[in-house]
Amino acid sequence: MIAVIGSRDAPPDALADAEAVGRELARRGAMVVCGGMGGIMEAVCRGAKSAGGMTIGILPGDNPAEANAYVDIPISTGIGYARNAIVVRTGQAVIAINGAYGTLSEIGHALGEGVPVIGLRTWRLERARAGGVEDTGIIKATTPAQAVELALKAADARIAAWLSGNRLHP
Amino acid sequence: MIAVIGSRDAPPDALADAEAVGRELARRGAMVVCGGMGGIMEAVCRGAKSAGGMTIGILPGDNPAEANAYVDIPISTGIGYARNAIVVRTGQAVIAINGAYGTLSEIGHALGEGVPVIGLRTWRLERARAGGVEDTGIIKATTPAQAVELALKAADARIAAWLSGNRLHP
Amino acid sequence: MIAVIGSRDAPPDALADAEAVGRELARRGAMVVCGGMGGIMEAVCRGAKSAGGMTIGILPGDNPAEANAYVDIPISTGIGYARNAIVVRTGQAVIAINGAYGTLSEIGHALGEGVPVIGLRTWRLERARAGGVEDTGIIKATTPAQAVELALKAADARIAAWLSGNRLHP
Amino acid sequence: MIAVIGSRDAPPDALADAEAVGRELARRGAMVVCGGMGGIMEAVCRGAKSAGGMTIGILPGDNPAEANAYVDIPISTGIGYARNAIVVRTGQAVIAINGAYGTLSEIGHALGEGVPVIGLRTWRLERARAGGVEDTGIIKATTPAQAVELALKAADARIAAWLSGNRLHP
């Protein structure tokens, strides 16, 4: 299961990226989990469905009818944006596409819990550290296909670590 | 999607009921959503899988490996027992089997949000009211088949109300 | 800190009970934590403030202005009714007054986590068990003063157990 | 109420900044709300208590004994890092000091809900946009006193907007 994150309002090229990511994930046998609403979330679900994939939407509200039309399994959390933590935790890896502040909170939650994050034209994050600037752990991708490749590889590594006796979430 | 709730520790006859409920739900084409752990939750998933159904586990922890072996789609909430509210909200109706205090909290959340609750040898709830005792809105069933029948009927009524323009969650 | 739970709509005698409970808790030096909205929650806060106490409201929404006028410290959870689990966890003991379904979910969460629950004309809960009916662990009180007495005693016992090296939440 | 965010592990100068921020907030009559654990959270609470202030800790766990020694009011959420959304929502403004991934998620939640964020040597965030790079809305401060000044000003503006009929959370 790969989480794909991004905002409701997104420029056309980001939506096209999201749709391509969804299609590629489905073709390679991965389920898509996302926030279930519009924009990037809808585009990735549409892409996944066009290639016969399955999609899960972790909704902020309590009404499954709020999910976009390409969500197979709507989870009605009713906990608002606190659901962002659940979206990223439910994936074995995360692909962040473009994105606004909600996406930023999801990147923080993912990296904080050791879920690998692949970024496709998303936030660039730095923090000042003694002796210079430290980059975050976002793994940069330049194409949808590469983002999927990197995400599946990272997810496989986590599952392998888990099968060899370590905890899935480090 | 029908939510089935009940505790990790349950007597053998309740586990058998849960397995029969899962089997019957799958046979009638409904997906099972539950808390994803052991006991009643495992029994209903096992029943559903034995009849070719699909199962969703809304886990309290952040580790999908904690899900019972019959969960197809583990949702790692990481929010502890506050996830009980999500379990019942995600079903169009709820079947409560036996159950301990967690189940009690789920019944409260479901009834509070207008999600119909079918009870199979579960909690009996009363509150004092002016002029006597008021029973809760739990709909009592005596067999697994009847519980499934009542749950699907209640779910259909909600979906019909929703399609006719009302909100799914009254 | 004692959690007081009960619904927005409550009959006048229950509201009077809640106000008396708030007053008595404040007189005895306990802070009141509640859901922060109207009805029983407002009455208990009003009582506490009338006796110089301090009140905390754990709100379902994200707007502190939704709190009733007697809440000193509004906590804006934004997680809806999943906040019920937080209300009872934050008290060292719980007093349930009257109450509707939300209160029922809170009683379930509290008993499930080992937080003692004192009931003042609230839900009556039973479940069928082999060899008869089992009552729940709600400790019944008949007057506001007795409810406060029992709650403070239960809270003291928990704190003592915790100070002697055990975990506060068993 | 001003939320102060930052991580458990922080360098000495960031801890000193946090303590100065807490002291200054208390001197100017503001309550401190934070995540209630160690590091920056402990330092800001220690500073606030040294100047007679009041402190609230929104804990990830369910045990109030986990709070640092300078928390007056521990809120035991039990919802893990999803509590980050509650911390920032409960402040009328946020001061971010240094910080790791958890802080990043809190900045995202705050900016996403329109809560002003003042940054003191914290994350630097950029995202690519058509026609160049867009900075985030973090308001930069260079000293603890300036951070407090900016936070109180931003909080006052929000409260004024709210009193004039607008919603507190835009």
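All chains are identified by letter, namely A, B, C and D, in their written order; residue positions are counted from 1 within each chain.
Here is the rule we use: a contact is a pair of C-beta atoms (placed from the backbone, for glycine too) under 8 Å apart; a residue touches a chain by one contact, two chains touch by 3 or more.
Every value quoted in this text rests on a predicted model; they were computed, and no experiment measured them.
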Result of counting contacting C-beta pairs for A-B and A-D, higher pair: A-D
Chain at maximum distance from chain D, centres defined as averaged CA atoms: B
Centre distance in Å when chain A and chain B are each reduced to the mean of their C-alpha atoms: 29
Multi-partner residues of chain D (at least 2 other chains): 62, 78-82, 85-86, 113
Interface residues, chain C side, partner chain D - complex: 1, 31, 56, 58, 62-65, 73-79, 82, 85-86, 89-90, 113, 162, 167-169
Chain C partner contacts - residues on chain B that touch it in the complex: 11, 79-86, 98-109, 111-113, 121-128, 130, 133, 136
Chain A-touching residues of chain C, taken from the complex the two chains share: 62, 78-82
